[in-house]
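For reference, the structure discussed in these notes is given below.
Labels A, B, C, D and E are assigned to the chains in the order they are written; within every chain, residues are numbered from 1.
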Amino acid sequence: MIWQFDLFILVLLVITALVALKVRDLLSAAMIFSIYSLLMCLLWAEMGAVDVAFTEAAVGAGLSTVFLIATILRTTRRTTD
Amino acid sequence: MSENLPFLVIAAPLFGALVASLVGWARPRYCYAIAMVSLAAGLTAAIALLVKVSGTVSGYEYRLGGWPPPIGIQHWVDPLSALILVVITAVAFLAVMSARANLQLELPGKERFVYPLMLLMVTGLSGMTLTGDAFNLYVLLEITSLSSYALVAIGRGRAAASCLNYIIMGTIGASFYLLGVGYLYLKTGSLNMIDLRQIMIAGDMHGSQTVITGFILITVGFWIKMGLYPLHGWLPNAYSFAPHAASNLMAPLMTKVSVYVSLRMMLSVFTPDFLAVHALWAQTALLVATIAIIAGSLIAYSQTDVKKLLCYLVVAEVGYMAGGMWLMNRAGITGTIYHIAADAFMTCCLFLGASGLIASTGSRHIRSFRGATRRMPWTFAAFLVGGLSMIGVPPTCGFFSKWFLIQGAIEGGAWHFVAALIFSSLINALIFFRIIELAYFKDVEHEDDVSHPPQVQRNEAPWGIRIPLFITSVVIVLLGVFSPRVINWIERFVDSVGVT
Amino acid sequence: MSDVLTFIISRFNYWIYIVLMMIGLYAMIAKRNYVKKFIGMSIFQTAIILFYVSTGVKSGATIPILEHGHDIGHAAAAINPDHYANPLPHVLMLTAIVVGVATLGVALAVVQKVHDQYETIEEPEILFKLGQE
Amino acid sequence: MNIQYLPVVAVSISLLAVPLIILLNKKPNLREAVSLLAGVVKLGCVIALVPHVLNGEQIEIVLWEFEAGLPIAFRVDGLGLLFAFVAASLWIVTTAYSIGYMRTTKSKNLTRFYSYFAISLAATLGVAFSANLLTLYLFYEALSLATFPLVTHNGDGEARSGGRRYLYFLLTTSIGLVLPAMLYIYGQVGDLNFQPGGVLVDSGMSQTTLLVLLLAFVFGFAKAALMPFHGWLPGAMVAPTPVSALLHAVAVVKVGVFSILRIITGIFGTDFMAQVNWHEIVTWVAAGTVVISSLIALSQDNLKRRLAYSTIGQLAYIILGASLLTDRAVTGSSLHILMHAFGKITLFFCAGAIYVASGKKYISQMVGLGRIMPWTMAAFLIGSMSVIGLPPTGGFVSKWLLLMGALDARMNAVVVVYLVSSLLNAAYFLPIVFRGFYVPGDDPTKPVKMKEAPLWCLIPLWITALISIALFFLSDTAIRLIEVFLGVGV
Amino acid sequence: MKVFAFVLVIVTGIMLVVTAADFPAWGDAHSPPNQYLSTHYITQAEHETAVPNMVTAVLADYRGFDTMFETAVVFCAGLAIAAILGHEKKKRYVVRRKALPKTEEGDIIIRMATRFLVPVTQLFAMYVIAHGHHSPGGGFQGGVILAATFILMTLAFDLKTILGRFSEKMTLIWANVGLFIYAGIGVLCVLLGSRFLEYSALHKILPGTDEIMARSHSMLGVEIGVALTVMSMLFAIYAHLVSKGRLEDGL
C-alpha cells in the first residue's frame, strides 16, 4: 500500500465527482461518473477489498453507466444545470 | 416446525411474491388469491409467534444459518416485535384484501406487478420487525423502499413526479442509517443489536463522539423515513398520488415500522441511560414533535383533497409517536407502542374508507362526502370509526393511546407536548365533524319538499373494499376494548428494557 | 507539527469520504436536473461504501483469501488475523453496491416516466407544469 | 335480580331500545311506544334504587378495568340518584311531548331523533352513576357527541352553525381542560374515585396547582355554562323544542353542574376546599354569571333565548351554592338541580306549545296570548314561579336552602346576589304572563277564539307544572337522599 | 434551495469531520472492527465452511440471509422497473427467431468481434461464479458479467433480436428460478430439521459430504441462484430502460 498513490486517487476522485456534477452535457457527466467509479474501484482494490472492487468495476463503471446513458438517450442530453 | 416460526413469517410473503410474479404472467387473475393465501399464512405464523413468545421470559431468538449471534444473523422476537409483527401482517392482509377492487378501477392489467411488489414490501416490513442485526435491517429497509417507490410511481398523473422526490429523500434517510450503523461498527466491531448494546455498556462508550454521531445519524435517518414534520416533504405527495391500492398498504405501515425501528434502536441498542445523559436531545426531539403535530394538524385542516388530508394527519400522528418515545418514561413509551398498533389500524381504516369513497363517487374532493350517510351508510359508518379513533373517542383505541401519551407527557413535564396533543385532538375533531356535517346534511337538493322525500341512490363502496373496511373498524373497537391486555403485554416489554 | 500532519494523513480516507458524501448530498438537494441528482445519489452511496471499506483496512495485510486455500486444512493452525484484511465490511458493501444500482435503476425508470409526461427532467420545469395543471 | 345490576340496566335500557327504534322506522306509533316503554323501565329502575340508597347500602359495580385501579365503574349515591331520577322521569314526559311537537311541526328523520335521544339519556344516566372521574368523563363526552345530531336536527344553515358552535365549545373545553387536569391528578395521586373526603387531601400539591386544577374543572365542564363559556347555550336553542327542553334545561346543562358538584365533593372534598380557600374565586365567577345573565335575559325578545339565559343564571346558582361549602348551601344546590329542572322544562314546553299552536317565537308577539291559550299560559305562570322561587312551588325550597347556606357562610354579598337575581327573574318572566292575560291582543274588538296546542303537548307540560307544585310538599325525600350522600342533617 | 443545501451540507460535514477525529487510525489492525468478528471470520472461516475466500464464506453462509435479500432487492428492482415503464396493450415480446439476422446494416467488425467475445466472456463469467470460493468473484459478479454479455449483444445487433432469444418472460422465469434456488436451499434445510439456511443439514442428502463440505457445496448452489437472478433481472432492467419500456428498438 503506497499512501502517495492513495492520496493521488483520492484527490482525483473529488475532482471527477465535482466535474461530473458540473458539466452541462449529461452524456459527458455519465462518462465522467464512469471514470469516478473506475477510480473508486482502483482504490478499493488497492485497499485489499478485491471483491468489492470487482463488483464496483462491473456495476459502477459498467452497468450504472449503461443505465444512465440509456436514460439520457431516451430523455434529453442537455441541461442548464 | 414451531421453532421456525420467525422464518415462516418472512418466507410466506416472499414465496408468495415469487409465485405471484410467475403466475401473473399467464394468469393475472390468480395473483390476488396467491397474495391473500400467503399473507394469511404470514398472519397465522405471526399470531403463533405471539403465542409462543407469551410463554417465554424475555424473548426468543432464531439463528439464521445456525450461527451464534454476533457471527451470524439473528432474529430476535420479544413481546414488542411479536406484537408489531401481528399488527403489520394483519394490516397488510386487510389492505391487500382491498387491492383488487381498487386495481380494477385504477390500474387494470398491472396486477401481475402490483401484488408481487406488495408482497415484497410486506416481506421487508416483517423482516425489519424481526431482525436483530443492524445491517440486515438496512437491506430489508431497502427492499421495502424499492417496492414502495415502484408502487407509488406506477400510479397515474402526478404520481411519478412525486415519486422522484420520495426516492431522493428515502435514499438519504436509508443512507444516513447505513452510515450510522457504520459508525457503531467502527467503534464496537459488531452489528448485532444486543451485542452492540453489551459492548457499548461494557466499554463505557456512551460518551464517545463516534457513538453519539452514529446515534444522531440513525435517528435523523429514520426521522426522514417516518416523515417527521420538517423532513416530511415527500410523504403527502407520494401517499396521496399513489394508487389507492398502494397507499392503503403504505400509509399505515411504512411510517409505523420506521417508528418501531427508531424505538428499537433507542431502547434496545442505545439504552435509556445513554439517552438520559443527553437531556438536550429529548428536549429538541419533543420540540420537533410538538411542531410536527401542530403543523400537521393545521395543514390537514386546510386540505380539501381527502387523501391529502389523511396524509397530513399521518404527519401529525408521526409527531405523536416521535415525541412519545422521547418522553422516556413508562407511560410515554407504553403509549407510543400502543399508538403504533392503534395508528396502523386507524390509518388503514381511514385510507380504506377514502378509497371506497373515491371508488364510488369518482372524486377525491372532500365535497364528495355530501350525503354519504344516505348514499353509503355502511361505508361511511366504518370510515367514521377510524375518524372517531383519530379524535380519541372511547372506546376506540385512539383514546387509550392518547391517554397514555398525555399521562407520560405530564409526568415528564413536557407541557408543550401535552398542549400539542390536545390541540391536534381538537383539530381532528373539527376535521371529522366537518366531514360528518357534509355527510349528514348537504345531501339532498330538494330539502324543502317534504311530501316527496327524495329517493337517494344507494352507492356503497365495492364489497372488495367494504369487507376489509368493516373488519378494520371492528378491530379498532376491539383493540380499544381489550386495551388492558394489550397494555399489559406492552408493559412487559417496557419493564424489561428498564424504562421507569 | 508532524503529529498534526500524521493525524491528517492517517485519516485521509475519512476526510475524502466526507467530502465526497457532502458533494453527493449537495447535488441531491440543490441540483435541478434529475439525472444529475441521481448521479449525486450514486456518489453519495459510494462515499459511504468508501467509509466502510476504509474501516476494514489493516496496514500490511493482504486480500481476505487464504493463501493455501487449495489444500484444505493445511495451514489452518497458523492463520494470523493481522495478515488478512477484514472481510466483513467487504461483504456488507457488496450488498450496498447492489442496493445502490437497484435504486439507481428504479430512479432512472421513474425519470423516464416523468419525461414521458412532462417532456422535461428539470425539477423547476416539472413543478411549473404541475402548477399549470 | 341482583341489586348491583340495576344501575347498569338503567343506563343501558335506552341503548337497547335504539336498535328497536331503528327497526321500527316505518311504524311511528310502535317506535314511539318503544321509546316510552324504555323510559318507564328506566324510571322504574331508578325508583327501585331509592330505598336501598336511603338505607345506606353501597351499590357498586365494576364494568371493565382499564388499568389497575382505574375501572369503568358505577356507584349509586344520593346525589346521583336524584339526578338520575330527574333525567329519567323527564325523558318519559319529553317523549310524550315530542310526539305532539314533532308531528305537528312535520319534522323529518324522527327515527334518528329518537335514537339519539335514547343514546343521550343513556349517557346522562351514565354520568349520574359514575363512580370515578374517568367514567364520568367518558359519559360526558359521549353525551356531547350524541346530542350534536339533535341540536342540528333541522339541518338548515342556522342549525348547522349553532351545532358547530355547540360542539366546538364543549369539545374544546373538555378535551383541553378536563382531560389534562384529570390525567395530572391521576399521575400525581393515582386515584380518580369520588370519595367523600376528596382524593387530593394528601397529595401535597401547591396552592397554585390546586387553583389551576379547580379552574380547569369549573370551566372545563362547559356544559355548566359558567361565563365566559356560556356562548354555546343560546346558540344551541336552534334545536327543536323537546331537545332544548330536555337537553338544555335538564340533561346536558345539569350534567355540567353535576360534574362540578362531583369535583367539589368527590375529588377536592368540601373540607379540603375550605382549607385551600380557593373556592371564593368560583363563588365570584358564579355570582357574576348569575347577575349578568339575568340582565341579558331581560333584553332578549326571543322566548327560547330568554329561557336560555335564564338557564345560565340558574345553573350558576347551583355552582354558587356548592362553592359556599356549607352543608345547607350544598344541599340547596343539589336540590336546585331537581327543582329547576321541573320548572324550566315546563317553561320550555310552554314555549314549544306556543310555537306549535301559533307559530310565535318572540315575546313581543305574545301580547294577549293568555286568552287564546289559557292552559299553556297558566302552566307558564307556575313554571315561572318555580324558577323565581315563590311558594307553593319546589323552587322555593331550594332557594330557601341556598339563602340559608349563604347566611351560614356569612357571605352577605351572596345573599344580596340571590335576592337581586330572584327579583330579576321575576322581572323577566312575570311581564310575559301579565301581558298575555291582561293586555288585549292586536285587535281588541275581535272576538278571541281559543286555540290551544295539541293534547300531546299540553298534557306533558301540565304534568311537569303539577310536579313542580308537588315538589314543594314532597321535598323531604329528596332532601333525605342528599343528606345520606353528604352524611349530614340539615 | 442552493443556500439551504449548502448550509445543510456544511453543518453535516462539520459534524462528521469532528467525529472523524475520534476514529481509530486508518489501517490500524487493532481497531475494534478489525479485531472482534473479523478475527473469527479470518481464522475460522475455512474450518467451518471449507471456503478459503472469506468474503464468499461470510457472504453466502454467515450472512447468507442478507445475501438472499440482496438478491431479492435485484428481483424487486426488475419487477419495479417493468411495472413503472411497462406498456400493457402491446404485444410484449417478439417471436422467437432461430438465428441471428445475417445481413443488416451496422458495423460488421463489431458484430464479428461480439460473436467471438460473447462466448469467451460468458465462459469467464461462469468461472467467476464457480471459482468464487477460491478467488475474488461469486454469483453476483458473475451474474453482472453475464448480463453484460447480453447487453453487448443488444448493442451490436438490436434489442428485438436479443429479446427474441432471451425474452422478458424468460428473464422473469430465470430470475424466479434463481431466487427459488436460494430460498429453496434454505427451506430444504428447514425440512431436514435445521434452521433456515443452515446448510450443514444438507449433508444428509448430498452424497459423500460431511457437514462442512455440505456448507461449501451449498454455497455454490446459492451462488448459482444469485447469478441467475442478477443476470436476468439486470438484463431486463437494461432492456426496459433503453427502450422506455416498449421493448422494441434499443440504442
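Here is the rule we use: a residue touches a chain if its C-beta (ideal position, glycine included) is under 8 Å from a C-beta of that chain, and two chains touch if they have at least 3 such contacts.
This one's a predicted model, so the numbers in the text were calculated from it and none came from an experiment.
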| query | What shortest step count links chain D and chain E in the network of chain contacts? | reply | 2
| request: Would you identify the chain whose Cα-based centre sits farthest away from the centre of chain C? | output: D
| task | Determine, using the mean of C-alpha atoms as each chain's centre, which chain is farthest from chain A. | result | D
| field | More contacts between chains, A-E or B-D | value | B-D
| For which chain is the distance between its Cα centroid and the global protein Cα centroid smallest? | B
| Taking each chain's centre as the mean of its CA atoms, how far is chain B from chain E in angstrom? | 31
| message | Centroid from C-alpha atoms only, then distance chain A to chain D, rounded to Å. What do you get? | response | 79
| query | If you average the CA atoms of chain C and of chain E, how far apart do the two points sit, in angstrom? | reply | 17
| Using CA atom averages as chain centres, what separation in Å is found between chain A and chain C? | 11
| Out of chain E, which residues touch more than one other chain, so two or more? | 16, 21, 23, 27, 31, 33-35, 37-38, 41, 53, 55, 63, 66, 70, 73, 76-77, 80-81, 84, 136, 140, 234, 237, 241, 244
| Interface hub residues of chain C, defined as touching at least two other chains | 12-13, 19, 21, 25, 29, 54-61, 63-65, 88-92, 94-95, 98-99, 101-103, 105-106, 108-113
| query | Okay, what are all the chain pairs that touch? | reply | A-C, A-E, B-C, B-D, B-E, C-E
| Which residues of chain E touch chain A in their complex? | 27, 53, 55-56, 136-138, 140-141, 144-145, 147-148, 151, 234, 237-238, 241-244, 251
| query | Given the complex with chain D, which residues does chain B contribute to the contact? | reply | 331, 392-394, 400, 403, 406-407, 410-411, 418, 422, 425-426, 429-430, 433, 437, 440-441, 447, 450, 453, 481, 483-484, 487
| said: Under the stated contact criterion, what part of chain B meets chain C in this complex? | reply: 135, 138-139, 142, 145-146, 149-150, 153, 158, 160-161, 163-164, 167-168, 171-172, 175, 178-179, 182, 185-186, 191
| Which residues, counting only chain E, touch chain B once they are in their complex? | 15-16, 18-19, 21-24, 31-38, 40-41, 61-66, 69-70, 72-73, 75-77, 79-84, 86, 88, 169, 172-173, 176, 179-180, 183, 186-187, 190, 194-200
| message | List the residues on chain C that touch chain E in their complex, please. | response | 7, 10-15, 18-19, 21-22, 25-26, 29-30, 54-61, 63-66, 68-70, 72-73, 76, 79, 81-82, 84, 86-92, 94-95, 98-99, 101-103, 105-106, 108-110, 112-113, 116
